[in-house]
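One structure is given below, encoded as structure tokens.
So that you can tell them apart, the chains are marked A, B, C, D and E in the order they are listed, and the count of residues begins at 1 in each.
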């Protein structure tokens, strides 16, 4: 195509911008796909894998939250696992006082919001690695607090959390845990998808890319950053709640710096800024070790896991989603060119 | 002679150049014109080796298409004014001017500052604090400091006041007459026609035609064809 | 585009901006006619961008005041001014590079009344109404600027000139009452310039606004602006119709002149 | 209330219904048992900062089972151990334990190494009613009547430090003692043990908690020097123990020292012995050059199996496997209920390596004694074999 | 008084080690705008393999040390060559992910190749000491502080008094533009990473001689150095280095005065307070200098 018939784009009257009509069927397809995928683990796999699937759900809620904060708002946080910890330990304390899962969840959300305010307000002016550092400080402080409140939190040895009981569902059963986790995961996903189509979501993108430009159109930078922090902390808190209920045991290492780094890894590997990426990332970090188990080498993962991580990250710099998108564009791009040359 | 032979260029998987042929002899100014998105900038990038290319780029009969950018620039005395300035915003004005330059080139700093009095006295300021036009002067200054054999200019007049533009083109014409080859990207065909010896019209990544600027009828035709003044 | 009240009059009084010992603006008192398109010219470093920065709140003011209509906005922050209707474009484009053209333009709708964050997040009906309105506004602007076909392309893949137009579109989408554009035509080809001028004129006709355009392209200023202000070395030099200003000897000397100094 | 609640709550509920531990149905064949094989398994840190202990223990277990299998196995079946890596992380340990129980389908948990990680798996084992035999996870959360399914064979740190302090008090009466411990439960427990022993004796105790990863030990060393205790007890990682001793000697403060059982490991003595001369060390296992014939037998057997001399952790792994095998031997049916009943028949069972092991209904403590050793030159000299609190 | 002096000396020495280590982080950051999470492990390789060669393989100590340092230099250059360099521009966070992978890889490999235990290292002057005004000063303290001062000064001169410094910073900001200006970005990067590897190795060996060596011991150093770097700013020179030394002293004082478990929260509270209170221009990383 040497394009002798180049049309000047700006004189082209037709307008493919807004596809209003496509909205509803597209939504339905997505819901259907989600439902089909969600049905796979309980129908096809044994208890162990259903348990792993439930873990993926819990982590996906966390990565979706981190993605809102990092992928969309550009605020790097190395305390996301700590917010999960806040959720998990709140759950534990509430359970010890005899409250059921619903009250636990309400308390988790409340505590997460407060914790997010405490972290986000003093750090409003920070960005990049510096912000990461301060959030890391929050993580360290949490670890320190747990170490020093053995009576309340079980201390360094961790604590076992009573399973959730919803009617006949008991979260110590993998299948039940999976079903319980499915609901918050689906809701979290729906909200995250929706966020991308709101002005709030665009404010976040604007802040990520240029605070000056954002201000020039009237975006409240500080308020939006805090909002992003709050949303992401609630997501993390809910993830912590799920995690505590599903695994039944929580300990400080589950929520330490490395845990936070792994959530960060999940977001980047999956594809920052995309909902699908957050899911793929969560699946990667939870399931990758299992691949080695399947291959009959369960103890090989720690040795080659690092190399694998580096390689994957280099092969898919835009995340797994970015890879898919590139392939898709290549296919579509070819088609598009053909259309144009006609 | 700077020669491009059927040069193709890609951004990732999208192709932007579809076989560009071009020659810039020493002592001549060749202007690349074309609508927005025609591939003018990409052509310059191809010469520098900053996009993935196929085809051959030769300087004085040496094929440089396999060389890394810094070798092309240093060994073959090419320098460039990037589109939209391409300055290093963390560096000072002086550092922006001298980065990568050798000792002899650095010695020419005063000459360049004479050309842009606006920069005098602010050489230690961060370049991002300058006004848009002053930044463009730094970009030009960096290219001129190197006393190149071939100068690639991507819209050198961007953001400059008329008085400065005139002066710049006068200076370039002078360098050109001393044997420098200039490849100029210019939005204004009129301006291009007035300074260049040859106009090269790019369309969707290929050379549509090459005309001599002394033939004003052809220039008018080119403007009419390419920029569609007919509506 | 939603229409707001009549275009206000923009005034600065004794505006002085200092960077250390350097005075980027000295005692500038200008008045931009309500509902007109004004051109702002001057040699490089004259303080044009700084004046826009001062009006839109992007630089601290040492002395003087800025007024929109009858309102003194000197004490307002950047964001407040934007919400009050003062929206500007940047001389170097500032876009969300990895997002689509459409998203970039939609960000500009921030100024339109938006439901609160919770309502947006929870997808309440007010959110859907706002979304439809914003989409309509964005589509209109993209059409106007000939960017409709690129709506879903990523900004960093666009040629330089289109990116400029995206920046302009982001400013126009919320139909602000004071529009400040900093060299919107830089990098556009000839036809592009003419079209941009036509678009700006049309926007201005459809919707009353006070527009300020910084430009070095004399023809463009002449064809677009009814009123021109010339600055030099941070000081007010001359104002009037384009013919008057460009005919002024002092302006000619500073702007086109053979006078050796291009400096402020 | 209190810290016991952490796992206490779920345990007590398991405990109350736990009297119905399925019982022993001699005809039932448990998971992991085939005609030729019995699967057992556990998790240990095989990578990460805790790997040293896990790797050694694993080697010990594997050597014992190899020897046993060569001699014909148990009840006509070979024992196949599966040891997974938990990287010293509680949640990984739990996940791996699920894998062992649900996918590999092991019969019982054979040993284990590391306290926090193993504790992570305990609630799950509890729920699944899988007995765990002699894991090395000294904690006041386990042992005694605390958990139905975990059969401990080590004392916890409270007891260990009580015994260690008692030993010192029996020799002399220092005016001041100090303890440097890993901040958190471990350090707290050691402190508790010392306090118990020092109660009413009028001896001052300074407790300095330490966080792993300390980069400069000068402040701690200076603090200790200022306090000027005659005895400093330590419960830290090998590296931090070495670092602190070095800092103390750098500022010229050389008190008498005592430490937890971890310091009785060869690799510690080899590396830090020079810094630790005359250090008192708790001994959870007998010293390797003990005159006890059972120990001599072990050393010979291990060397025959692997071609090298055993380390402390090898010894630990070996004895874990030994106890597991013994329980399987005694079990009247190869299922979990019968194994539990078999375990409850252990009374002063002599391994030579550990103090005599006793489990019974409602008693999972196993042992209540540690020995006392002292580092002399590059040797560990046994001062007292297994000293019990009971007497 | 003597005690306080002792604490401060310990703090200054440890702080110097942070600073020297941070210097390596800074120069890498300034030329490739990336953070190397595996940097501590690179140093660990040097010390751990040196230990292995002299203690297990019986090589003379100096030879073993040289081999260790060489390995670290090669490994660090290789990290850039094989990984960092291949990260496309504009992917913030990817460098952290990639180097985290390398961190895990190096740790696992060293554990496999050598072992998971802690070992004492040659003392390098740690046991030669004198007492000055009640404060015990060891030769190791002198070596550490002296070496830090000399290296930092040399680096300062190199970066700021030579055009090399400009080229380095240019490459960091935009490799494409720097190349078009004639800078050999690749060679510069390789050289920088090699020098950084050398610094990491030296620091790791000094640390090992004062504490002990295993596969993990450098991680706390890395974190402290990062902290200092981020308080001071990674694109500056003196400020972060001074912060590093101050951090060492502060930490020691906090531990001494408030107790060991106060060390961590004290450091982190310091960070929060400092970063929340300093003027915005010190914390602005985006460099949107003017509109």
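List of remarks:
We take it that a residue touches a chain if its C-beta (ideal position, glycine included) is under 8 Å from a C-beta of that chain, and two chains touch if they have at least 3 such contacts.
The structure presented is a predicted model; accordingly, all values stated were derived computationally and were not measured.
Steps from chain B to chain D, taking the shortest chain of touch contacts, total 2. Among the other chains, B has the CA centre that is most remote from the centre of chain A.
The pair with more inter-chain C-beta contacts, choosing from B-E and B-C, is B-C. Spacing of chain A relative to chain E, judged by their CA centroids, is 32 angstrom. Centroid to centroid, with C-alpha atoms defining each point, chain D and chain E lie 37 Å apart. Note on chain placement: the centre of chain A and the centre of chain D lie 39 Å apart, centres being C-alpha means. We define each chain's centre as the mean of its Cα atoms; on that basis chain A and chain B are separated by 46 Å.
Those residues of chain A in touch with two or more other chains are numbered 8-9, 147-148, 210, 212, 216, 302-303. Shared contact sites, meaning residues of chain E that touch two or more other chains, fall at 107-108, 261, 264, 290-291. Across the assembly, chain B contributes 14, 35, 37, 129, 228 as residues in contact with two or more other chains. Taken in their complex, chain D has these residues touching chain E: 47-49, 51-52, 55, 180, 183, 208-211, 213-220, 222-223, 225-226, 237-239, 242-243, 246-247, 249-252, 267, 271-272, 274-275.
Within the complex, the chain E residues that touch chain A are 35, 83, 86-88, 91-94, 96-109, 112, 226-227, 230-231, 234, 261, 264-265, 268-269, 271-272, 275-276, 280, 283-286, 288, 291.
Chain A meets chain D in the complex at residues 46-48, 51-52, 55, 96, 147-148, 150-151, 154-160, 162, 172, 247-251, 253-254, 293, 298-299, 301-303. Of all residues in chain A, only 1-4, 6, 8-9, 326, 329-330, 333 touch chain B in the complex they form. Within the complex formed with chain B, the residues of chain E that make contact are 163, 166-167, 169-170, 172-174, 176-186, 235, 287, 289-290.
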